[in-house]
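Here it is, the structure in full.
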Amino acid sequence: MTARPRIAVHKFSSCDGCQLAFLNAGEDLLTLDRLVDMVHFAEAGPVDEAAQVDIAFVEGSISTQADAERIRRVRERSGFLVTLGACATAGGLQALRNLADGAGWLAGVYAQPEYIDSLATATPIREHVRVDFELWGCPVNARQVLATVRALLFGVRPVADHQKVCMECKRRQAVCVLVTGRRPCLGPVTSSGCGALCPRFGRDCYGCFGPSESPNTDALGRRFEGLGLTPESIARRFLFINSHAEAFAEAGHKWMGKHDEKA
Amino acid sequence: MPCSGTPRMPERGPPLEAEVVTRVDESPTVFTLVLSLTDPQAHRDYRFEPGQFNMLYLYGVGEIPISIAADPERPGLLVHTIRRVGRVTRGFAALQVGDRIGLRGPFGRGWPLAQAQGRDILIVTGGLGCAPVLPVIRQIIHHRERYGRVAILQGVKHADDLIWRERYHQWAALPDTRVLLAADVAGRDWPGHVGLVTALFDELDMDVSDCLTLMCGPEPMMRASAERLLDRGASPDSLWLSMERNMQCAVGHCGHCQYGEKFICRDGPVFPFSDIAHLFGEPGL
Amino acid sequence: MFLARTHLGELLSALRDRGYRLIGPRERDGAIVYDELSGAGDLPRGLRQSCGAGEVRLERTGSPRCFAWANGPQALKPLLFQPAEPLWQATCDDSGRLRFEAVEPRVTPTAVLGVRACDLAALALLDRHFLDGAVRDPHYAARRAALLLIAVNCTHPAATCFCAATGDGPEARQGFDLRLDELDDGYLVASGSAAGEAILADLPLEAATDARRQNAREAVAAAAAQQTRTIPPGDLYDALSRQRRHPRWEAVAERCLACGNCTQVCPTCFCSREQEQPALDGSTSQHLREWDSCFSEGHSYIHGLVIRQSVAHRYRQWLTHKLGGWHRQYGRSGCVGCGRCIAWCPVGIDLTEEVHAVLGDAPDA
């Protein structure tokens, strides 16, 4: 890493929310500006997509042929490539299309679907090019983004922490919404990083930071069944923001299978 | 107000600053840092026992336990031989002479040198397990007359993994001292045995039932070695092993280094086999 | 001595007048948690709590009582051994020189109202761990020295409680400054320290009648008799170690989420991890300690290897340490019978059931 690394933030199929989360870092952005050269970050101003950079943050999934070609060029021009959020890391919400008959939907919605230029799937960056580090979340946590830059400035890999949301939830002294409210919380199988935001406000985690280490989705699914959820609604808990992430995809398909058996 | 009522104990504190005074690349993945505490008083006062470890802190990155591979009679020069494995060790690998780090220590209980006097000593190590016994070897060299015969057995996976070739050569030349090397995979000019370190026991000319054995290396290697030596009559009290677990606080508080009812950082890292026989070799402990 | 219910506020005022921050039970998010109290009105008056494995529910009753429940998800542990706190800070100057400073814990004299016997037993264990070893933890020590404890004997154990089996409750016998027995019309009050005695002197107390004393004794005895869960007595280290290959460990691992909730609510679990939190500009870095769990992968990590790969190994480690290893390390079991790990386990795993199953002495078998 050079003393003053050059950074780019690229956007693919996404809502820009992760870029905005980054931009919401406040005063730290001024500090960051003293440490790095932000050469491409459309949401913040500078635009130079073709720039050679030390660190590239990539937001969004690959859902068009043009995306698939562009990410290769981004990879070639980037030293350390970091995915920024659920879309880039696991396909995101739009990866739900991977579970559906995309062509059928297009034909049903558009009079002339041939004008729609998209791939049959929305897929994470990792399925197209080598990724050096992944930041999860919908959106990402700006502290994790900045900690990633800081680690790279120190010349070490960023810390990948996939402890469960429950650990953060308990450290923050939140009351368990599953135990007291019988809510189908995904905290026990979801990576920390959000600061247990949802449980702290009384709602159940919906898994936006992706699967945690050792995710026992079977046991949690059975617990949800005990709470009265149908196999289909259990499947939909897993097949949501990170439907394409392996552990959640597997669990989702399993419960969807049980739903189909019953139907 | 209620208080625990115990006498005031030493408290856990922050690290001291240390400077890298020498850096040696031992192999493509192993390097040695020689450190010196920058506070002159702390530098003068620092003492350690062979087998103990320090917590080394890389600024802004983290802290890890590293055994002390120094000469106990030159305690001001703190030698640490480190393999690049994780993010912190990779960070340490980038350090140059003059760079500053943090150091806490020494911690733990070391090798039973008091029991070694007058006895034959067998040292069995594997991979980087050679580092924690280095202070013992230095001590023996300084006071060669105090000890009986010495055998140093070192095993490596690949011949290229062997560090300190020159040192082994020098030790082999000492009176009543044998050095036996083994590599699972040997190169063309490999001077030692091809195979496991345990095969070297056949070449020993000392009575293992009577000697003091010091062992350090990967657990499967120590397990195989301990079994063979016990079969040959070694006493579980005379077989000492340096164990390793995740150590974060180094003072028995953080719980990571639990090994059965032991805390490796505080009760070890060096244990007589008899103390850990009920745990040793059991997966997942 | 007896303190009429109408004078409970005066106990709280007496504590506040002495400069204590007041912590006590109050209702929050469907549970009874220990948090700052502004007055007696914050106490969970008329609340009952029903607990099962993986289930906690509050119910309202017309009772005037404020302590007619067993315990909440946490009590004393987070006040002393904080969930996350910086231990020291490093500063790096332009030439790369480092300076290290201990981060002094911020300590406020704190009075805790409503401490249970199980929590006092757990506190004594944490004291042993953090204060009585070869090295003392300055953060824990400073907060511990600033703590005043007002115990309340437990009269309403939860279905998950088994303090009678561990011998740690329901009566608070030691380790408190003041101890209350709650009756419908007020509190029997006893002091357990000079500090407690001094506070008593400020309160409008009456002599305790024999009837009230008997009433209180009977309530505690009933609270013990009501408990149904049991745990085998004594040091289980050898017994559990003999069962290292018991199929039950794999069976529990199929249900266990390895989420760590049991360890986080356990009043004696002490594991912590250390993390570095550098400022973005790189000029300073805080060395943080935060609660960890033996159910986390990182807990047994050494250079590229996780020693306890399987959840079966992690559960075995936790239970064997809690019920066995503690005896060797601290002279008693690490379990005080509070039942939190049962109630707050999202899938309702019950350690009393597991230990009986592993040792093959299920009470019903």
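For this structure, a couple of remarks:
For clarity, chains are labelled A, B and C in written order, and residue numbers in each chain start from 1.
Note that contacts are C-beta pairs under 8 Å (C-beta built on N, C-alpha and C of every residue); 3 or more make two chains touch, one makes a residue touch a chain.
Computed from a predicted model, the values in this text were never measured in an experiment.
The minimal number of chain-to-chain contact steps leading from subunit A to subunit B is 1. Averaging the CA coordinates per chain and comparing them to the mean over all protein CA atoms picks out C as nearest. When each chain is reduced to the average of its Cα atoms, A sits farthest from subunit B.
Per-chain Cα centroids separate subunit A from subunit B by 43 Å. Rounded to whole angstrom units, the spacing between the C-alpha centres of subunit A and subunit C is 36. Note on chain placement: the centre of subunit B and the centre of subunit C lie 39 Å apart, centres being C-alpha means. Residues of subunit B in contact with at least two other chains: 59-61.
Residue numbers of subunit C whose C-beta contacts span two or more other chains: 275, 278, 282, 292, 298. Annotation for subunit A: residues 150, 154, 159 touch two or more other chains. Interface residues of subunit C, counted against subunit B in their complex, comprise 87-90, 92, 96-102, 109, 127, 129-138, 141, 144-149, 175, 177, 193, 195, 237, 241, 244, 270-276, 278, 282, 285, 287, 289, 292, 294, 298-304, 307-310, 312-313, 316-317, 321, 324-325, 328-329. If you check the complex, the residues on subunit C that touch subunit A are 28-31, 33, 54-58, 73-74, 78, 83-84, 254-261, 264-265, 275, 278, 280-282, 290-293, 296-298, 311, 343-347. Against subunit C, in their complex, subunit B makes its touches with residues 1-4, 6, 8-17, 38, 57, 59-63, 83, 85-86, 89, 98-102, 244-246, 248-249, 251-256, 258, 260-261, 263, 266, 278, 282-285. On subunit B, the positions that touch subunit A within their shared complex are 58-61, 87-88, 90-91, 94. Within the complex formed with subunit B, the subunit A residues making contact are 150-151, 154-157, 159.
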